[in-house]
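Common to both upcoming complexes is subunit A, partnered first by subunit B, then by subunit C.
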Partner chain A sequence: MQRCDLIVIGAGPAGLSAAVEAARQGMRVTVYDENARPGGQLFKQIHKFFGSREHKAKIRGIRIGEELLQEASAAGVQVELDAVVTGIFADKEVTVRQGERMLRRKADTLIIATGASENMTSFENWTLPGVIGAGAAQTMMNLHGVRPGEKILMLGSGNVGLVVGFQLLQAGCQVVAVADALPGIGGYGVHAAKLARCGVPFYTAHTIVRAEGVERVTGAVIGAIDQNWHIVPDSEKHFDVDTICLAVGLSPMSRLCGLAGCVMEDNPQKAGLVPVVDALGETSVPGIFAAGDVSGIEEASSAMIEGRIAGLAAAHRMGFMASSALDARLAELTGALASLRAGMFAPGSKGKVFTHTAEGCALSASLLRRGFVADEEIDRYPGVTRARGVHPVLECTQNIPCNPCADACPRQCITVGADGGTITALPVFDAARGCTGCGLCVAACSGQAIFLVDEEAGEITLPYEFLPLPQKGEQGMALGRDGQPVCPAEVVAVRTSAAFDKTNLLTIRVPAEYAGRARFYRKER
Partner chain B sequence: MRINEHPVLGGYPKGEAVAFTFDGARLSGYAGEPVAMALKAAGVFIHRYTRKNHSPRGIFCAIGRCTDCVMIVNGRPNVRTCITPLAADMDVRTQYGMGAKHAAL
Partner chain C sequence: MLQDRTKNTGGFSPAPDDGLIICRCEEITKGEIRRAIQDGLLTLTELRRFLRAGMGLCQGQTCGRLVKSILARELGVPPAALEPVVSRAPVRPVEMQVLARDQEIDHD
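Up next is the complex of A and B:
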């Protein structure tokens, strides 16, 4: 039987990160993945990541995936694809089905990084062709260049629903609405705001009643729900759609951990049945580790750090790494993980109801229900200021772990969590440092929540990631945060740059009195 | 249904253009892309009908997990088309229950 020092199951962000760290310490590492391509979901994630520089913030998932694959090959990691691990037996022996063959493999340590699977929900006609998972939509449009549909209803307003909804717009689809059974939008407000300003309506406290169609989806009906989860009579709304996209949560794919004999727990904070692990990711079975979504649903950024920790711990366990060296790396990595696990959306905040930010600003009720901060609410946030000349308006209204804006500004105009504060603080602009209007913060903001505004000139620079790119001199319509027309607008500049990484900066001019409201642009008047 | 140019991704790496058949009709796609993608781009949505209720199924997960997209490919039933790469002259057929149309009747 073939042996190696470490077998990693799953070549997603956690598994690859684990493999890279362990191989760098000298371990012989083999990674098995059931898919034809490595990288897990990273190659479908075309948006810029949150976090700070150490978490690869403002870098798109696809590029992080490429980087990880390069690191893995440089470190000598062996990646076996189309290889399904079907069983884990005593003494860390695994069986692998690769094509028509069944292989038996053995290692001294195992890291299980099998990720998550999508939850589904059933309703009348839910099996019709045209009802798809959000992951399927991402696979079709971002990997294969095929639009999942033309007119789409998104079910679920967690980050997956919001991010995929925006990607659908980028792929040229029409998103007719985002519906969520919960009374409030589940994902980051900034993700919702991107959709809202493009005119996508949100229906919170609404659920799907049925899909319409005989051979395929031709429509969808949603209805409002009351506190007892009953459909409110006469509240049904019909949409003409060809596709219904389900983004109703993820569950850890932890079956292999159970097979391996790890002690499991059903933990709602981790979104399901997960192995019990210690701070290094080690399960109750010595030498078997779990990392990433399999041990609790989080973002890919946290999965990569958990993977690195587990890889190092495995190396240390087998004597490839001294305790002092491990401790030094752990200090850095656990710090990075802790900073990602802070704020209103942290795993530990699940179930808590926030009414104010940590700074004491009341949260936007409109953002939670309709996906955009109302005009009369926006001034209460510290990043939203008026100044002479061009300056950034930071429409960041929730405590999420993210600070690329502060990092991007060459003149240090923007601060996130001054004096060693956390990266979940709301950003603040210091006019005294003199904004040059370079736009790096606009392009760096993963939530596309920064605008350069010159109130007197009536000029607004906004992030724009759609095609066709508007042309300088073009006349169109400025849209508000709610996606509704505000006033006519002229495109006065279009900036693209390698440093912006595909986030184009569009500058529009509007009558000065609308400078505080115009936040998007559409060509048709 | 094809995205010609994407604002972030630009173009998509594609294999050679190839012809294949769907229920006898000639369609085209790109070698190496999943059969299901070539079908979708050609406007085909129904991959199979269930055995008992004869209800239609199409792509659902697109990653080989749900088996909704299985079809008869080169005479072999139950092939998950969302993870099967397209090749020139493939013979792809709608699956009825567990096999070809006559088998279900």
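Up next is the complex of A and C:
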């Protein structure tokens, strides 16, 4: 039987991060993953991540995956693919199915980083072809280059539903609606706003009644629900769709933890059955750690830090690392993790109802219900200012741990949490420092919520991630935050640059009175 | 956490969505699950063994949560209060011929 110092189960963001840290301390590390490609969900994540520089913010998930693989290879980590861990037995022996063989492997420490699986919901005809998970849609689009359908209903407005919904638009699909049973949109407002300004309607407090079709999905019916989750009579709406995408949450894939004898808890805050772990990710079984979604559903950014902590802890436990060295790294990593777990969407804030931002601005009711900040609400946020000449308008209205805008500005015009504030603070623009209109903040904003506006000239520069790119001189229509036509617009500049990392900057000119409302562009008039 | 077997769960009464398939792999309907609960199968493990819901190709990855919510509703308890299903190897389906070759191949 082959032995190594550490076996990591799962080559996603948590598992790879754990393996890299442990191998750098001198451990012999093998990672097993059941998929044909490493990286877990990272290679499907074509959007820019939130957070700060230390959390790899404004880098697209796919790039983070490539970096992690390079780090793993440089550290001497052995990654075994198409390798399904089928069981964990006494003394950290694991069985692995690889190809037509069953392998038995043993290690002194184990890190379980098996991630999560998508939840399903049952409704009439939910077993028809065309009802798919949002993760499946993402796999089809971003790994295989296949459009899952033409017309799509997205069920669920958490970040998965919103992010995948936008990617479906990017792939050229029509998203007819996003529906959510909850009374408010669950994910980041900025993600919802990207969909809304493309004209996607939101139906909160609505659930799916049935899928229609015989051989496959040809339509969907949703209905409003009352407080007792009953369909309100006569509230049913029909959509012609060929695909119904379910984004109704994730569950930790923690079965191996149970098998290993770890004490488990069914914790709704962590979205399901998870192993009980300490601050280092160690389970009740000494030497067995859990990191990432398997120990509680969070973002990939947190999973990577949890992985790093577990990898170091495993190295320390086996004597590869001195306590002082561990403590130094832990101070840095736990600080980074704590900053990611702050704000309105933090795991600890689940179930809390916020009415105001930390700054005291009333939250946008329209954003929560319809996916966009209403024109009459937008001025209450500190990043939305008027100034002479070109300047950024930061339509950031919720406390999210994110600051690439401040990091990107070469003249330090933008600050997030200045004077000892936090990374979850709303960004503020200081006109005195002199914005040059370089656009780096527009491209850096992971939420695509920054616009360069010149009110007098009626020029708006907006982030644009669709192909084909509009041409300079083209005439089209400016759309509002709600996706409705505002006025005719002319494309006056299209900027692309390596520094923008594939976020193109589109500058449109509109009559000056519309400069505060025009936030998107469509070619058709 | 032991399931109270003396609790009156109300008996089976038909519902309009009883025909809904819950476990796709084994084609078990909501009505079959509800009836089994009212017949006295009060844990997830019992339901699994009796109905095979969650015993198919996906090993309950799709229906596990759905069966859990049906059981919780019939018993009138929160889903998190239910005794979890027992984990057992292999956690992913493995063909018998692959398992059988385990002994002969790998002792390196």
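As a convention for this text, the second predicted complex is superposed on the first by the 525 of 525 C-alpha atoms of A that agree within 3 Å, B and C clash if a C-alpha of one lies under 4 Å from a C-alpha of the other, contacts with A are read in each partner's own complex, and residues count from 1 in each chain.
Throughout what follows, contacts are C-beta pairs under 8 Å (C-beta built on N, C-alpha and C of every residue); 3 or more make two chains touch, one makes a residue touch a chain.
Since the structure is predicted, the reported quantities are computational estimates derived from the model, not experimental observations.
Q: On the A-aligned overlay, A:E465 touches which partner chain: subunit B = first, subunit C = second, or both, or neither?
A: After superposing on A, A:E465 lies in contact with subunit B but is clear of subunit C.
Q: Scan A:R101 for contacts with subunit B and subunit C and give back first, second, both or neither.
A: second
Q: Please work out whether A:E215 is in contact with subunit B alone, subunit C alone, both, or neither, and reply first, second, both or neither.
A: The first partner, subunit B, only.
Q: According to the stated criteria, A:S117 is in contact with first (subunit B), second (subunit C), both, or neither; which is it?
A: Both subunit B and subunit C are touched by A:S117.
Q: Mind working out whether A:L256 is in touch with subunit B, subunit C, both or neither, as first, second, both or neither?
A: A:L256 contacts subunit C only, not subunit B.
Q: Applying the document's definition of touch, where does A:R147 land relative to subunit B and subunit C: first, second, both, or neither?
A: Touch partner of A:R147: subunit B, not subunit C.
Q: Thinking of the overlay built on chain A, is A:T127 touched by subunit B (first), by subunit C (second), by both, or by neither?
A: both
Q: Is A:R388 contacted by the first partner subunit B, the second partner subunit C, both or neither?
A: Touch partners of A:R388: none, neither subunit B nor subunit C.
Q: Quick check on the output: what are the common subunit A residues between the subunit B footprint and the subunit C footprint?
A: 34, 117, 127
Q: Using the touch definition from the top, list the residues of subunit A that touch subunit C in their complex.
A: 1-2, 34, 84-89, 95, 97, 100-104, 117, 119-124, 126-127, 251, 253, 255-259, 264, 266-268, 272-273
Q: Which residues of subunit B touch subunit A once you look at their complex with the stated criterion?
A: It is residues 1-3, 5-9, 11-12, 14, 33-34, 37, 40-41, 45-47, 55-65, 68, 82-83, 85 of subunit B that touch subunit A.
Q: Which residues of subunit C touch subunit A once you look at their complex with the stated criterion?
A: 17, 20-22, 24, 30, 61-66, 79-82, 84, 86-92, 94, 97-99, 101-102, 105-108
Q: Taking the touch rule as given, give the residues of subunit A at its contact with subunit B in the complex, in rising order.
A: 34-36, 46, 60, 62, 117-118, 127-133, 135-136, 139-142, 144-147, 170-172, 215-216, 465-467, 502
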